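Next come two complexes built around subunit A: one with subunit B, the other with subunit C.
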Partner chain A sequence: MRKLVSIVLLAGFIFYFATLTGGLLIPSTSSERSSVGLDILSRTANETGSANAVTSVVVLYRGFDTLGEVTVLFLAALGISVFMKNTAKVRKRTLDQSFILKTGSRLLFPFMFLFGFYIIAHGHLTPGGGFPGGVIIATGFFIVLLTSESVEFNKTLMSVLEGLAGLTFIGLGLVGLFGSGNSFLQNFLPLGKFNTVFSAGIIPLIYAVVGVKVAAELSSVVFAMKESK
Partner chain B sequence: MNSIITISTVLNAASMGLIILGLFIIFTQKNLIKMVIGLGIADTGVNIMLVSTGYIDGNTAPVFSNASLKISQMVDPVPQALVLTSIVIGFGVSALALALIIRLFEKTGTLDTSKIRGLKW
Partner chain C sequence: MLYLLSFLVLVMLAVGIAIIFVKDILNAVILSTVVSLIASVIFLFIAAPDVAITEAAIGAALTTVVFVIAINRTKIKETTNKE
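Moving on to the complex of A and B:
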C-alpha cells in the first residue's frame, strides 16, 4: 500500500515538473530576463553604491525580508535549545581527541575567524557576505568543540552579542525611516568610492551585524547539541 | 552554441532529478534520518531550479568588479538573492528536524517510523 501510494505521488510530481518546465530544451536568451532584474542591475551602482548586485537586493531592496530571514534562523536556534534542554542524564565523560588534532584545531581557529571576517567585510564587493561569513566563524567554534570537549564557551556573551546585533539591525532601519529618508532601511550614509571596502553606505554595516548574529546563533546551536550529549 | 544541450538544460534536468530523488527517499524510506537527508536533497534541487530561472547562457555573475563589465553581460540577480534566503531556511528546517528526531529517539528508542505508534500508515 505504502509503495503504491509513493509511486502514484511520484508519478504526479514528475508529470507536474514535466509540464512546468516546458521550455526545457530551449536555450535561454537575454530577452528572457525579468524586467525587475534589468531595472536593479541598471540602478544598483548609482543608488546603493554596491558593486555586488545580489548584495544590494538582499540588504537594501529586500532588506526587510532579510530581517525576517534572520528571525527564522533565530527561531530555529531557539527551538533547538528548547528541545535539547531537558535531555536525559548528562554523561560526564571527556572524549578528548589526540594531541595533534587538538593543537591543529586551535591553530586553525584564528585563521577561520579571520577568513569569516574577510568574507563579511567584502560582502558588497565579492560573492559572500554576512550569512556565509557567519557560518564560517561558527564552523571554527564547531571544530574546536569537536576535537576538545573540555573547552567551555561563554554562552551569556553569545546571547548578548546576538541580541545586540538584532537590535542594531532594527536600529539602522529605523534611522533610515525617521531620519533622512522616508522608508525602512533607507541609506543615510555617504556612498563613498565605488568598488572599495569603505563604500555602499549602510550595506557593510548591516552585513557585519548579520554576520555577528548568524555566527552567534549557529554557535549556540552547536553548544546546545554538545551540552545535551 | 547551436547544440541542444545547454547549461540551462543541464541545470533544469539536474534540479528535476534531485527533487524527484529527494521525494522518492522521503516516501520510501522508514529511517527518520534518511528522510531528513531526502528533504535536504529535494531542497538542493529547488535551489538549483530557482538559480537556473535567472541564468543566461554565457553571462557572468552580477558583480561590477570590473569597469568594463556591462549589464547585458550579467545574469539576473533577483533569483540568486531569493536562493540565499532559501538556503538559510533549509538549514533551519533540517537542524530543527534533527533536534526533534533526537528527542523522539530518546522517547521511543527507535528511528523506524513503522515501529513508532501514531506514525504508522
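Moving on to the complex of A and C:
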C-alpha cells in the first residue's frame, strides 16, 4: 500500500516537472513576450483608470493572485501566533531604555503612520500600494513596541480589523462577480478622472483593505513574538 | 550607469561575504539589512520602483526587527540558564 502511494506520488511529481520543463523548453520569441507587456501598457489607462500600470496588473488583472498572497500571509501570521501562544505567559519585563529612545520613537510614530497611509492611498498613482504601506505602518508599531514597554496593544481590535479587511476584499470581488460585471474582482465603480486620488474604481479600496490587513497581521506577529516566553 | 550598477553589485557581494565571517550575530543582522538596502537601490536604478519600495520596507525594516527580537529572546534564555 505504501509502495503504491509513493509510486503514485512519484508519477505525479514527474508529470508536474515534465510539464513545467516542457513549458520552459518551448521557446516563445521575445517579440511575443514583450507584446503582452506592451498590450497591458496600452490598455491599462482606459480599462482600469490607474496611472501605475504595475498596480493595475497586481490588483485587477491578477487580483486573484493578490488574494492568494494575502491568504498566505494570514496563514503565516496564524502559525506564528499559535506557535508562540503555546508557551505564552504574559511577561512584565522592564527594559531600561533611554529617555531619548523612548521620546524619539513616540515622536517618529505619527510620521511613519502618515507615510504608510500616503503609500497606501496613492498606490494607483505612484509606486507602492497596500503591501509596502502596511509594512511601513507595522514598522511604526514595532518601534513603539520595542522601545516603550508600557504600551498597551489591543490584540482583539487587530484581529477584528484583520478579519473585516479580509471579508471586505472577498466582498468587493463578489460584488464584481454578481453585480454589473461577470468576473471575480471586476471593477464596478466609475473610473473617475485619470491621475487623481479618487479614481481607478475599486483599486484604492482594495489596496486600503490590503494595507489594513497587512499592518494588523504583522503587528500581531511581532507582538506575539515579544510577549511570548 | 552600468559601472554604477556593477559597483553596487560588488559592494553587495562584499557585504554578503562579510556576513559569513562576522563574529557577533547582531552585526550580521545589520549587514544583511545593508544588503537589502543596496538591493532596493539597484531595483530603483533598473526602473522597478514598486519592487524597490517593497524591498526597502520588508527587507530592511521588518526582517531586521524580527531578527533583533529573536536574538533578544535567545540571549535572555542563555543568561537565565547560566544563573
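FYI, the second predicted complex is superposed on the first by the 189 of 229 C-alpha atoms of A that agree within 3 Å, B and C clash if a C-alpha of one lies under 4 Å from a C-alpha of the other, contacts with A are read in each partner's own complex, and residues count from 1 in each chain.
Convention: a contact is a pair of C-beta atoms (placed from the backbone, for glycine too) under 8 Å apart; a residue touches a chain by one contact, two chains touch by 3 or more.
In this text, all values refer to a predicted model and were calculated from it rather than measured experimentally.
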A:142 in the overlay: touching subunit B, subunit C, both, or neither? Say first, second, both or neither.
second
Counting only touches as set out at the top, which of subunit B and subunit C does A:75 meet: first, second, both, neither?
first
First (subunit B), second (subunit C), both or neither touched by A:40
first
Examine A:54 and indicate which partner it touches, taking first as subunit B and second as subunit C; both and neither are also allowed.
both
Which partner does A:17 reach: the first (subunit B), the second (subunit C), both, or neither?
first
Comparing subunit B and subunit C in the superposed model, the one touching more of subunit A is B
Touching A:131 in the superposition: subunit B (first), subunit C (second), both, neither?
both
Quick check on my understanding: which residues of subunit A belong to both its subunit B contact set and its subunit C contact set?
52, 54, 127, 131, 221, 225
Mind listing the subunit A positions that touch subunit C in their complex?
52, 54-55, 119, 127-129, 131-132, 135-136, 138-139, 142, 146, 218, 221-222, 225-226
If we count contacts the way the header does, which residues on subunit A are in touch with subunit B in the complex?
2-3, 5-6, 9-10, 13-14, 17, 21, 24-25, 27-30, 32-34, 36-38, 40-42, 44-45, 51-54, 56-58, 62, 65-66, 69, 72-73, 75-76, 79-80, 83-84, 87-88, 125-127, 131, 194-195, 221, 225, 228
Residues on subunit B engaged by subunit A in the complex (per definition of touch):
4, 6, 8-9, 12-13, 16, 19-20, 23-24, 27-28, 54-57, 59, 61-65, 71-72, 74, 76-78, 80-81, 84-85, 87-89, 91-93, 95-96, 99-100, 102-103, 106, 121
Which stretch or stretches of subunit C touch subunit A in the complex?
49-50, 52-54, 56-58, 61-62, 65-66, 68-70, 73
